[in-house]
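Order of writing sets the labels: A, B and C. Residues in every chain begin at 1.
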Amino acid sequence: MSEKILDIQEERLSFFTPAGEVKALNGVSFAMNQGDVLGIVGESGSGKSVTAYSIMGLTAYPGKLVGGKIWFNGHQIDQMSEKEFRKIRGNEVSIIFQDPMTSLNPVYTIGNQIVEVILLHTKKSKKEAWERAKELLELVGINEPERRLKQYPHELSGGMRQRVMIAIALACEPKLLIADEPTTALDVTIQAQILELMQDLRKKLGMSIIMITHDLGVVASMCEKIAVMYAGHIVEYGTTDEIFYNPQHEYTKGLINSIPKLNAAEKERLVPIEGIPVDLLNPPAGCPFAPRCKSCMKVCLREMPPRTELSDTHYTYCWLRQKEEFEKGGKAE
Amino acid sequence: MENLKKNPLSLHLNVDDFMPATNDEKQSLVVMRESVNFWKDGLRRLRKNKIAMVSLVVIILIAIFAYVLPAVWPYGYDEQIKYSENLAPFEYSEKELARIAEGESVFPHILGTDRSGRDFAVRLMMGTRVSLSVGLLASVLVLLIGATYGAISAFAGGWVDIIMMRITDILYTIPDILLIILLGMALKDPLEAISQQPGFGWMQKLGPNMISIFIIFALLYWVSMARIVRSQVLTLKESEYVTAARALGASSGRIIKRHLLTNCIGTLIVTTTLQIPSSIFTESYLSFLGLGVAAPMPSLGSLATDAVKGMNTYPHLLLAPALMISVMILVFNLFGDGLRDAFDPKLKN
Amino acid sequence: MAKYVIKRVAMGIFSVFIVATLTFFIMNLVPGGPFVSEKSISAAAQQALNEKYGLDKPLGVQYVNYMSSLLHGDMGLSLKQRGRTVNQIIAEKLPVSCRTAGIAVAVALCLGIPMGCFSAYNRGKWADNIIIVLATCGIAIPSFISSVLLLYTFGMNLKLLPTVGLNEPAAYIMPVTALAIYPTAYITRLMRSSLLDVMGQDYMRTARAKGVSSVKILFKHALRNAILPVVTYVGPMLAALMTGSFVVEKIFTIPGLGRDFVSAITNRDYTLIMGTTILLATMVIIANVIVDILYKIIDPRIKLK
């Protein structure tokens, strides 16, 4: 049994904006073991990036943790100071951002930016750090690493830059790698290459990965477990097979229905999810998805549904599943 | 309680709860934020900006001070009161004291009087009026000339654009002060000659100097406005929604009206507002050089310049207009900044 | 780089030539002349003076004569400061203006950059608001007013500082302050908004995610990107200040070039006007080339064309 590396319990996080408190996370809980690959999916504003950033203490002002506990690799994150965060950032946990075009500092060479993180967290000398940087570029599949180290970000293509970002993230062999939509800004062919690289690296280095994306194709190919987020809640959690073949939450079903199918009948149309995302300034009292849900019931509008355990690895928050249990129970009586 | 809520069976659920909810019920839960358009949103942001709102109030007060108060003030700006020269604030001359003794009420000289016995408070008001008018009118002139020039340059493109922009570059390199003084000299005689002609009496009233100031502004200060407008139009011209509109077959006129103008207008308003303080600034500088409006019409700059000589004895004659100029430039700048933050957050410096 | 500099210098010389030509003709076309206003001089004497300085010749000839001597580095005799050449006047006055301008710009940079950074780091807090309002005041107060007020308070009222000339170090304090107020305020605002802009960039988040300390983020990652607008502003401003500020020089009675320039314009000292204008244009162009090169050094993305 591998050790637990990340444990998030009932995390609540709000952004205190001039317009009011935006409740970005409303009680998010999940855990990860060493070597797990977890996919977090959901639409924009569902809280997937915020969840990941909060593990690194990157939810800057006006974001504030208002409740819950987070343990990572023996640290209690929710109690940590900025100074303590700096020691684990880029070292025990690192991140790859969405847009490689803007995520590298334009005025420093690639080498300088890789070496910076090595010098920061290891006791290596400058020379050793440059050696390590060269190794890293080779590791992420960049040819002519010597020459590349001396180049500036604008001299590299998008795919190359994302490889450099991965090299920076892997420089100190982190326990957990967060990938925040790492392929969204890239061409489709480059996307495939980057995903392949990440899978490869994971096998080699054995770190845990949190993959944040709205692309279900990406999670299907990479992740073992999936958390579906909606309006700051994890609405369904399970293994990849459970989520894809046995989705239990109406939102998950909607997401899966909206994937184009190759074998679909010619005239079959894509099924979009109707309605607009909830306003997190005034979240509804009941299930956040209720106003867009086709099978919405009266109770859904009033009460947040409780957790329904479907298997050891699969759970969801939906009144429909509760209703089934209730009816089962009712019939038994 | 928390536990109770989480356990559904202990809640009072009944069958009705599991009935499908109607659309109306669902809709009632969707709290829609009021949808706001560009102007409403900008105005709301502006209203929330305390510094900008205070500045606006001060601007209104200054406008009342400059345009309304002189009409009800008991003294005229060019009225020389005999034996009341060089009075300190709230001081009365002997003659006035005698009149008060006779039971007459004499309005106090709040800011004293100047060398020629003119009430300084009303001169300050008139000076503010002149400076404010110059600032406003010059800014409008700059807007008209600069925006037209910049827009033509951007639309024409190619050689026309290059030549037009070279001209602005050269105007930029020649020292302002050289052109200002030479223009001032060159315009003086012809303008005076014109104002003598019948039908040009209004020029006499305004003063040929004032007209030459406007001409100087119109000729010199449109350059940066032209550049801003040009770059704005160029960016918009290349923007994807304009390409999209063109692809949909929209006519040039429609593109200009619907897309370019509406997107430029924020920048234009902000730049014009920020031009006002710089026009006031320049006018006071011209007055310091002795090229401002002609006596007896005062401007804030000329009032301050006149007071420099006697500042040891009568510092208030210097401080009052100096303070007025600074406050005016300050509030217009702060208000302009507020407008920019509200309507054109991208335009910074 | 060398090719670029040569190209820019060539373009610069051409621009100076255009500016000189325009100035020459504008100056001559405006009614009046150097000796017209001097009533004490008889018509014959005026004629003699015009002949002496070559002003009796047709304008075209005058222009060609001036330009050819300019090519040899000779800017001619001053028409009003009898017996002195324009070269002499500039050589004497320029260092004075350069010194005050240099100190003022150094002060402006040393104060403006840290204040702008501090303000941006405390965005929205009271310290930020105070700095913004102060900086806006600094931009709002015309230099002749701040100079006069300084002179009145510290020179005449409190008698702390000398009011005339630049004969002792303390004499620099007031003129330098008066010159530095505007650029300090401007740089503060520029630095603040530019730093705020940079702080919102993705690469700043990357730096934080790497575990870089906030001090190092500011000095290594933010400042180098944020300083660019300041560099652009300081170049031409320094050039303009170095050729003298009329207002400050007049109020503090400093023997600088700015006063000579304005008096040359008002009493039509043609050769001095030309000399000073050409000097100013040259300095602005040099400053712009230096700014471009600095830009290239700071930001590798810039290509010098």
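Methods note: a residue touches a chain if its C-beta (ideal position, glycine included) is under 8 Å from a C-beta of that chain, and two chains touch if they have at least 3 such contacts.
On a predicted model such as this, the values are computed, not experimentally measured, just so you know.
*Asks:* Graph shape for the chains shown, where an edge means the two chains touch. Line, ring, star, complete, or other?
*Replies:* complete
*Asks:* Quick one: point me to the chain whose Cα centre is farthest from that of chain B.
*Replies:* A
*Asks:* In angstrom, rounded to a whole number, how far apart do the mean CA points of chain A and chain B lie?
*Replies:* The computed centroid separation for chain A versus chain B comes out at 50 Å.
*Asks:* Measure off the straight-line distance from the CA centroid of chain A to the CA centroid of chain C, and report it in whole Å.
*Replies:* Roughly 54 Å separates the two chain centres.
*Asks:* Calculate how many whole Å lie between the centre of chain B and the centre of chain C, each centre taken as the average of the chain's C-alpha atoms.
*Replies:* 26
*Asks:* Tell me, which parts of chain B touch chain A in their complex?
*Replies:* 5-9, 11, 13, 16-21, 25-27, 29-33, 48
*Asks:* Tell me, which parts of chain B touch chain C in their complex?
*Replies:* 51, 169-170, 173-175, 177-179, 181-182, 185-186, 189, 277, 281, 284-285, 288-289, 301, 304-305, 308, 311-312, 315, 318-319, 322, 325-327, 329-330, 333-334, 337, 348-349
*Asks:* Write out the stretch or stretches of chain C touching chain A in their complex.
*Replies:* Within the complex, chain C contacts chain A at residues 201-203, 205-214, 220-221, 224-225, 298-301.
*Asks:* Write out the stretch or stretches of chain A touching chain B in their complex.
*Replies:* My answer: residues 18, 275-276, 278-279, 281-282, 284-286, 290-291, 295-304, 306-307, 319, 322-323, 326, 329.
*Asks:* In the complex of these two chains, what residues of chain C are touching chain B?
*Replies:* Interface residues on chain C, with respect to chain B: 15, 18-19, 22-23, 26-27, 29-32, 129, 132-133, 136-137, 139-142, 144-145, 148-149, 152, 156, 189-190, 193-194, 197, 229, 246-247, 261-262, 265-266, 273, 276-277, 280-281, 284-285.
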